[in-house]
Amino acid sequence: MIHQKNPISRFPNLSINIGPLRLKNPVLLASGTCGYGTELDGLLDLEQVGGIIVKGISIKPRPGNPPPRLVETPCGLLNSIGLENVGIESFIRDKLPWLRNVKTSLIVNILGNSVEEYSEIAKKLDGAEGVKAIEVNISCPNVKAGGIAFGTDPEAAASVTHAVKKATSLPVIIKLTPNVTDITEVARKVAASGADAISLINTLLGMAIDIKSGRPALANVFGGLSGPAIKPIALRMVWQVVRAVDIPVIGIGGISTPDDAIEFLMAGAKAVEIGTATLVRPDTAKNVLAGIKDYMETNSIQNIENLQLPA
Amino acid sequence: MPRFDIPANIVEQTQLAHGIFLLTVNAPAILDSANPGQFCMLEVKYNNSRDPLLRRPLSIYKTRANGQISFLYKEVGRGTRLLSKRRPGEIVRVLGPLGQGFRLIHDRPCILVGGGLGIASLLLLAERINQSGKLIILIGAGNASEIPTVEDFSGLTRYFHVATEDGSLGQRGMVTDLLAQTLQEITGMAQIYTCGPWPMMKAVYHMVCKRNIPCQVSLEAAMACGIGLCLGCAVPKSDGQGFLHVCKEGPVFDADQVNWEYSL
Amino acid sequence: MIHQKNPISRFPNLSINIGPLRLKNPVLLASGTCGYGTELDGLLDLEQVGGIIVKGISIKPRPGNPPPRLVETPCGLLNSIGLENVGIESFIRDKLPWLRNVKTSLIVNILGNSVEEYSEIAKKLDGAEGVKAIEVNISCPNVKAGGIAFGTDPEAAASVTHAVKKATSLPVIIKLTPNVTDITEVARKVAASGADAISLINTLLGMAIDIKSGRPALANVFGGLSGPAIKPIALRMVWQVVRAVDIPVIGIGGISTPDDAIEFLMAGAKAVEIGTATLVRPDTAKNVLAGIKDYMETNSIQNIENLQLPA
Amino acid sequence: MPRFDIPANIVEQTQLAHGIFLLTVNAPAILDSANPGQFCMLEVKYNNSRDPLLRRPLSIYKTRANGQISFLYKEVGRGTRLLSKRRPGEIVRVLGPLGQGFRLIHDRPCILVGGGLGIASLLLLAERINQSGKLIILIGAGNASEIPTVEDFSGLTRYFHVATEDGSLGQRGMVTDLLAQTLQEITGMAQIYTCGPWPMMKAVYHMVCKRNIPCQVSLEAAMACGIGLCLGCAVPKSDGQGFLHVCKEGPVFDADQVNWEYSL
């Protein structure tokens, strides 16, 4: 990519639209890795990031899985938190008041075990002041379909999308699971069902064995793999989905440096989410953002959207 | 509770015994707000390598007025091994101080029960208690070389006892033997503080809960963030209602909050 | 796992059967990462390893993909070699004579773009002296089905298995691709179609972008991800397949230390293949084998098969 | 051609200029069978970290009778950066000597054309040619600091010329300017050896092939194994029939084997 050096571009424009949602910049905090925001107080200025996506919320509080819930793997992290969360009521009552005063876009990640649950929780958020969008985690088991994840079944993914769109007037981002043969098939279905945007990837299903104890290292046996290790897979899927659908795509997976983020933006993602990297270093999002700005200035790129490579 | 994530200069790295190290860094900001029982998350990956990915939690062992913090740690795996290769003059990222430390109790004798490197979280506490009340320190280990810094404690109180399983230091036996002896001598109320291997802390708790002696324990769990973001550091609650989160609500808990039957 | 200390077990037995194939030990060299064997001369004693699986062979020689063909990723390697190989005739004429004198089990990895190609090449190997088994790479595009990989379509995987079994009397190992929603579905089909064993995983589809040039880092855009980064995914799939089929399973993916190999053996793999790790360090297989022996001796495990954890 | 994969002791690590280092290791076995133009694969990951995963190829720059090998390298990314942090006394795994080096030609003047750190593969060759025939050395770089070891070459022959783009050393201009001048002076046959950036080598090849002067080039390619296992290090052949493999058939090739139109 050759870009003309242009002195005008000393202050690059980083704001973007994700469908109806306007973000001041494309660097978001991924669900499950930034708590409910307060936990980062003093370590990362939340008002600098483009948005914060809180821990996945369900209808009822969930205790999560028994420990051990974490294992480190080469350049990666396996987790089986089990979607522990305070539930929608406590979220609205106890967490939202603090969050709504933070000057950034608040996106609530939701989860359920049936289409009805997704729909119900989306309804509850519809009126909630301060919530700018909903991100729908469809990696959860569909209890009615024998526990197969919604996200691995294009039809089920479509149903959830339909139901959530009907239940709320907020912008709806559907978050895809990478554990599928053809990510574009699910993406197309979800787009056709009215999603405002797609984010991907959630974690890859993995496991580890503790050879000292001779037992799976996670109490839950399987867990979700995240971190730098998965970046090549995430980037490939983002590239594919960008070329398969017309709605905006948000890239996630192993981003920990500005260069990582730029790869996703070049692949065509409108924004990126930082997950595991925030766990390792709380101010990663700030550094990624600064690095993107530097890159744009150095290469005289005025608008963040101009980073995208031709298809 | 201010926390800082700083590139700290390594002042000293000393091998105290086989596989046991004392790392001293310059981190005045962290030191200023550190309380006994708190910990830090240390980056162990080298330079711009991305592996091992996660930081490692280590208790704040010792602090000095000049802004230095020391960590007492054991090489058990890749992370602590890499940490032990770092040299004075190099930089290590340190995030801290983290977690809820020990709550100080002033109106009764305080008994500190440390097992092996569990003593790493007890020195600041011992120093603090020493300033105001009666302090009893009981330390146990497999052998003397597992607790090379025992002298940091021995000067703090005359009620100081060590037990080693091989008898290489102090009484031959377990730290729980020392505790049993101590409890016999104590008639009124007392406060227990303990840190060490899970089975030891469990035994300590069972010994003292019968006598309604309150007990604060410092727990460990696998951690990714150390600051409450990931919910990974769960330990089951005694009431069966979900989990404690070691990094945020702990690492110090009242022992009766913990489900001791769960083996991690 | 508690194992009784037992002085008898000073010389653990590492030999195993993969269906009709007997191996002196469970550590094999993976296809595409050990060339045609000669390349390792002097750096690894091939007679020490349980077997060597040569670079995938096709009917006709293939030139492979244009460069760049390699990119390093966090704890991983992306490759798009494009199945470059000398073709079956040159293999039998030029490579086999040397290989057949090496005292280890020689397994030939084969590939094709149609069921007929697989079948034809298997027939050619049937009579080839020195070949002990065939490993079938079904990650290749099925030209007749619009280029979808055989391995991502359970029916196509079954057809290849049938055809290869019919074409040869050699033991047939089907090598699965991990780029599927449900690995057990493909595994069951392949087992039901007569495969003698299953090996997994092949590489995960990934990509990288060179942000300096603003182009995909591989000329082929997509490539296969291998190395330590993928180990948790590979181990999970091996665990699943071991519990889904009755035929022996060979574990592959990110193995570079004895501990890694032991995890796969505990998960139920009868043998393991070392891939990328040999590229990084040619004698990895030897070290892995030595470490497995040590572990067995320390834990008084007499037979390698006793490493397997209960299901 | 015996090859060895050995843990080599670092004897010296010197920064010669901004981002340019000379690393000397003890590796007598490798040295004994090394030929001009061969290279080694060096492990760059630190201790038991697994990242960066791959080794890095570096040419054998200099050898000493006492078994020491030196590598001249530039910090361009994570791997070379980590390598530059390694210190004397530490161990680095080195696999070598690898590949097909330069073929020596005795019956005509030899012209060595080096660009930037491309000179790293030319010193042994220059020393060897110097023993038997007429040697002309032409070196080019952006500026003087990119070729801090130029003096290793200048003593070998009186036919020695340097060009830098900014004129900070030798003639202002490109190494191809030097080559053009040299070719004018040469009437009979000659042999070219070149190593440097792809566009430079391409230009050199085009200049000399017109006059039917044979040219050996030392190529680079991304490598995983360095020994022919992975087939990753492909460069298109001039005849359109597939690829050259830099690590095994090269890194030195006859320039007319290479498809110079392909830009990597």
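Order as written gives the chain letters A, B, C and D; numbering starts at 1 within each chain.
The criterion applied here is as follows: contacts are C-beta pairs under 8 Å (C-beta built on N, C-alpha and C of every residue); 3 or more make two chains touch, one makes a residue touch a chain.
Note that this is a predicted model, so its numbers are computed, not measured.
Farthest chain from chain C (centres taken as the mean of C-alpha atoms): B.
Just to note, of B-C and A-B, the chains joined by more C-beta pairs in contact are A-B.
Chain C has its Cα centroid 46 Å from the Cα centroid of chain B. Measuring from the averaged C-alpha position of chain A to that of chain B gives a distance of 36 Å. For the pair chain B and chain D, the distance between C-alpha centroids works out to 54 Å. Multi-chain contact residues of chain C, defined as those touching 2 or more other chains: 74-76, 227-228. Within chain D, residues 50-52 each touch two or more of the remaining chains.
If each chain is drawn as a node and touching chains are joined, the picture has every node linked to every other.
Residues 1, 73-76, 78, 152, 179-182, 204-209, 211, 213-215, 221-223, 225, 227-233, 235-236, 239, 254, 259, 262-263, 266-267, 295, 309 of chain A are the ones touching chain C in the complex. Residues 74-75, 228 of chain C are the ones touching chain B in the complex. Against chain A, the residues of chain D that register as touching in their complex are 50-51.
Those residues of chain D whose C-beta lies close enough to touch chain B in the complex are 45-52, 78, 81-82, 85. Residues of chain C touching chain D in their complex: 32-35, 39-40, 42-43, 55, 63-72, 74-77, 79, 81, 84, 227-228, 256, 276, 278-283.
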